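Here it is, the structure, as structure tokens.
The first chain written gets the first letter, and so on, giving A, B, C, D, E and F; residue counts start at 1 in each chain.
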Amino acid sequence: MPTVPMIEYVDASDEVRAIYDDIMTTRQIDWLNNFWKVLAHHPPTLRRTWESIKAVMAPGALDALTKEMVYLAVSVTNGCAYCIASHGAAARKAGMTEAMFGELMGVVGMANETNRLANGYRVPIDPMFD
Amino acid sequence: MPTVPMIEYVDASDEVRAIYDDIMTTRQIDWLNNFWKVLAHHPPTLRRTWESIKAVMAPGALDALTKEMVYLAVSVTNGCAYCIASHGAAARKAGMTEAMFGELMGVVGMANETNRLANGYRVPIDPMFD
Amino acid sequence: MPTVPMIEYVDASDEVRAIYDDIMTTRQIDWLNNFWKVLAHHPPTLRRTWESIKAVMAPGALDALTKEMVYLAVSVTNGCAYCIASHGAAARKAGMTEAMFGELMGVVGMANETNRLANGYRVPIDPMFD
Amino acid sequence: MPTVPMIEYVDASDEVRAIYDDIMTTRQIDWLNNFWKVLAHHPPTLRRTWESIKAVMAPGALDALTKEMVYLAVSVTNGCAYCIASHGAAARKAGMTEAMFGELMGVVGMANETNRLANGYRVPIDPMFD
Amino acid sequence: MPTVPMIEYVDASDEVRAIYDDIMTTRQIDWLNNFWKVLAHHPPTLRRTWESIKAVMAPGALDALTKEMVYLAVSVTNGCAYCIASHGAAARKAGMTEAMFGELMGVVGMANETNRLANGYRVPIDPMFD
Amino acid sequence: MPTVPMIEYVDASDEVRAIYDDIMTTRQIDWLNNFWKVLAHHPPTLRRTWESIKAVMAPGALDALTKEMVYLAVSVTNGCAYCIASHGAAARKAGMTEAMFGELMGVVGMANETNRLANGYRVPIDPMFD
């Protein structure tokens, strides 16, 4: 059960509805993730989060697929079940194949392992990288 | 100071030296990261870690640059200073521009933020993703 | 399913029952969180954890509401579902309004984001803070 | 050494300088944290991060001191050295006394401890909180 | 629901089945954890992960029970529900009693607490340990 | 620089000095870690933390060496530099050999890796462990 009830489109204020419309238009979808329906309880957070996500996830120097895979890698590292499910789906929609997902998880796993080996052995940063 | 002294090439056993050689040949470099010189104290860990890294980071369904950026994203999320320095350098060597780095950090930051919004609001997984 | 069965008040030893009584008296409630019923399997941990929580959460230089919100902020950052649910409820009971919760999540989210930006850019600590 | 050189005020573009001016005016200070001078390498991130921080940290339903203490609690949990130093200083400037800091660390410590006890014992969420 | 369907023994390729056989032979069991059935979608990850786990978890300078308890301690710290369940069971099978589990959770909890106290107070490393 | 100046034995209050004495007597040492000298600024935290550590780390169902290695494993997972240094030293003093340390890091690394594979693949808990 979410912390707050979800606000459906038909029950939303004009302010929230305008953001909902922008989300659906930008993403070319006709439904809304639960994430947005919950954030709608605090419209400043809904607006700020959406504006940031829209800016950050737009293709630029990095393409949309790479961005979704990075988002997924972070979510997996943090163990956020909701984000793993939603950004896993988004990455697949953006073109992530099973082979790409398999390799992505391999990199995420090894990075999490070697991060701890570097910590545990207290490896000094190589002079040319410092 | 590292937990154990670093083992230089000239001081390494034949077993370790063979792995050092494979690292330098595979990466087409003529020096070794401190990471490997420290792991060399436990040859099974050195061998296993290098074999895994070699397999996981080789280009496949994902290219080398994407893999290095994912590695960096995980290391930044975990706050591993050594790994941020070394994989930041590796990503740049593989072609990451300043613009790409800027966008990468933007995605990593937003993912870490929204992971917590999803946690805090206890957002239920959308039925189509469950 | 918890790792160990929960120990109800009627089934508890005298030692555990005394702690249960102190929890209910201190908090002015007539029931016990599952957390305590599970810890009761290891009475030293139950006693030590309760004594610490009682000391740490008592109003002092910080009021009870601020303490519950900080507890919630940490639990959200760590992604502990049980703690988010129970300390979210405790914070509300202590007076956290929806507006306060919305702002709290905003701060928690931004802190998690900027923690990673500071990591990723390897920002040096400002001299006056070092 | 930061990942990118820091951009001082005198060397900043008009776009960056306008943000720098807004930071100093809003905070009523005459200098800039290293954090902003590093983010300035990617002006969209600088702008977005500052606009979000300005909105999130402004007093509202929660006062500025509470917000700074929550920020510090998250940074301590994540182990971000830069953020602990800068937000520790900011919290003190906003009125955090040594006694408040001592209690804050007590709460942060216990939350991190009990988050793991709840994980390890797999405590089921209490029905009234689910 | 897992990200990918689980591959049962009867549906597995020869390559996967050989790994499944090695897992069951090594562990002297006649069934397979869901973990392996899911990894089987990416055979290189299945093989690499199993070979690493087999090497790392074999008794050596540390006995099997100590290794399982360390694995559990890490999983509890990271909040990985699957790993807490499976390695909790494995530790019990290897001989962990309730008293040992209670003490283990006590240590894990205190380490997570004092890690944050050390962070928050920015305690300098003692000269003889640096 | 620590957040607060360290309180040396000669400058300590009677209350703090009594705790310092108990730490040195219990551990059979004639000096104090920086950790305690910093916590001394908030005597209730110093007392509570020491009493908890003393209880939790005393040999019981688990021996002192196992407890120190678990403490180290958690600290490595969290990336706490101070705790890695001090508990690494404590584990060595309690009898951890280089071979044991090498195997310990191997387990810590693999646990951190497979925790993320289990997250990323959303592996369902095996029925007999649920």
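Methods note: a contact is a pair of C-beta atoms (placed from the backbone, for glycine too) under 8 Å apart; a residue touches a chain by one contact, two chains touch by 3 or more.
These figures come from a predicted structure and were not determined experimentally.
Visitor: Return the chains common to the contact lists of chain C and chain F.
Guide: Both chain C and chain F are touched by A, B, D, E, going by the contact rule given at the top.
Visitor: With chain centres defined as mean CA positions, report which chain is farthest from chain D.
Guide: Result for the farthest chain: E.
Visitor: Under the over-half criterion for shared residue numbers, do copies chain B and chain F use the same patch or different patches to meet?
Guide: Chain B vs chain F: different; shared/all numbers falls short of half.
Visitor: Where are there more C-beta contacts: A-E or B-C?
Guide: When B-C is set beside A-E, the one with more contacts is B-C.
Visitor: Looking at C-alpha means, what's the farthest chain from chain A?
Guide: The most remote chain is F.
Visitor: Taking each chain's centre as the mean position of its Cα atoms, how many Å separate chain A from chain C?
Guide: About 27 Å separates the centre of chain A from that of chain C.
Visitor: In angstrom, rounded to a whole number, how far apart do the mean CA points of chain E and chain F lie?
Guide: The computed centroid separation for chain E versus chain F comes out at 21 Å.
Visitor: Rounded to a whole Å, what is the gap between the Cα centroids of chain A and chain F?
Guide: 34
Visitor: Touching two or more other chains, which residues of chain E qualify?
Guide: 1, 3-4, 44-45, 48-49, 52, 55-56, 77-81, 84-85, 88, 99, 102-106, 108-110, 112-115, 117, 119-122, 130
Visitor: Which part of chain A faces chain B closely enough to touch in the complex?
Guide: 1-4, 33-35, 38-39, 45, 49, 52-53, 55-57, 60-62, 66-67, 69-71, 73-75, 77-78, 80-83, 85-89, 97, 99-100, 102-104, 106-115, 117-126, 128-130
Visitor: Would you tell me which residues of chain D are touching chain E in their complex?
Guide: 72, 76-77, 79, 81, 84-85, 88, 104-105, 108-110, 112-117, 119-122
Visitor: Name, in rising order, each residue of chain E that touches chain A in their complex.
Guide: 3-4, 41-42, 44-45, 48-49, 78-80
Visitor: Report the residues of chain A in contact with chain E in the complex, numbered from low to high.
Guide: Counting only chain A, the residues touching chain E are 79, 84, 88, 98-99, 101-103, 105-106, 109.
Visitor: Would you mind writing out the residues of chain E in touch with chain B in their complex?
Guide: Interface residues on the chain E side: 1, 44, 48, 52, 55-56, 130.
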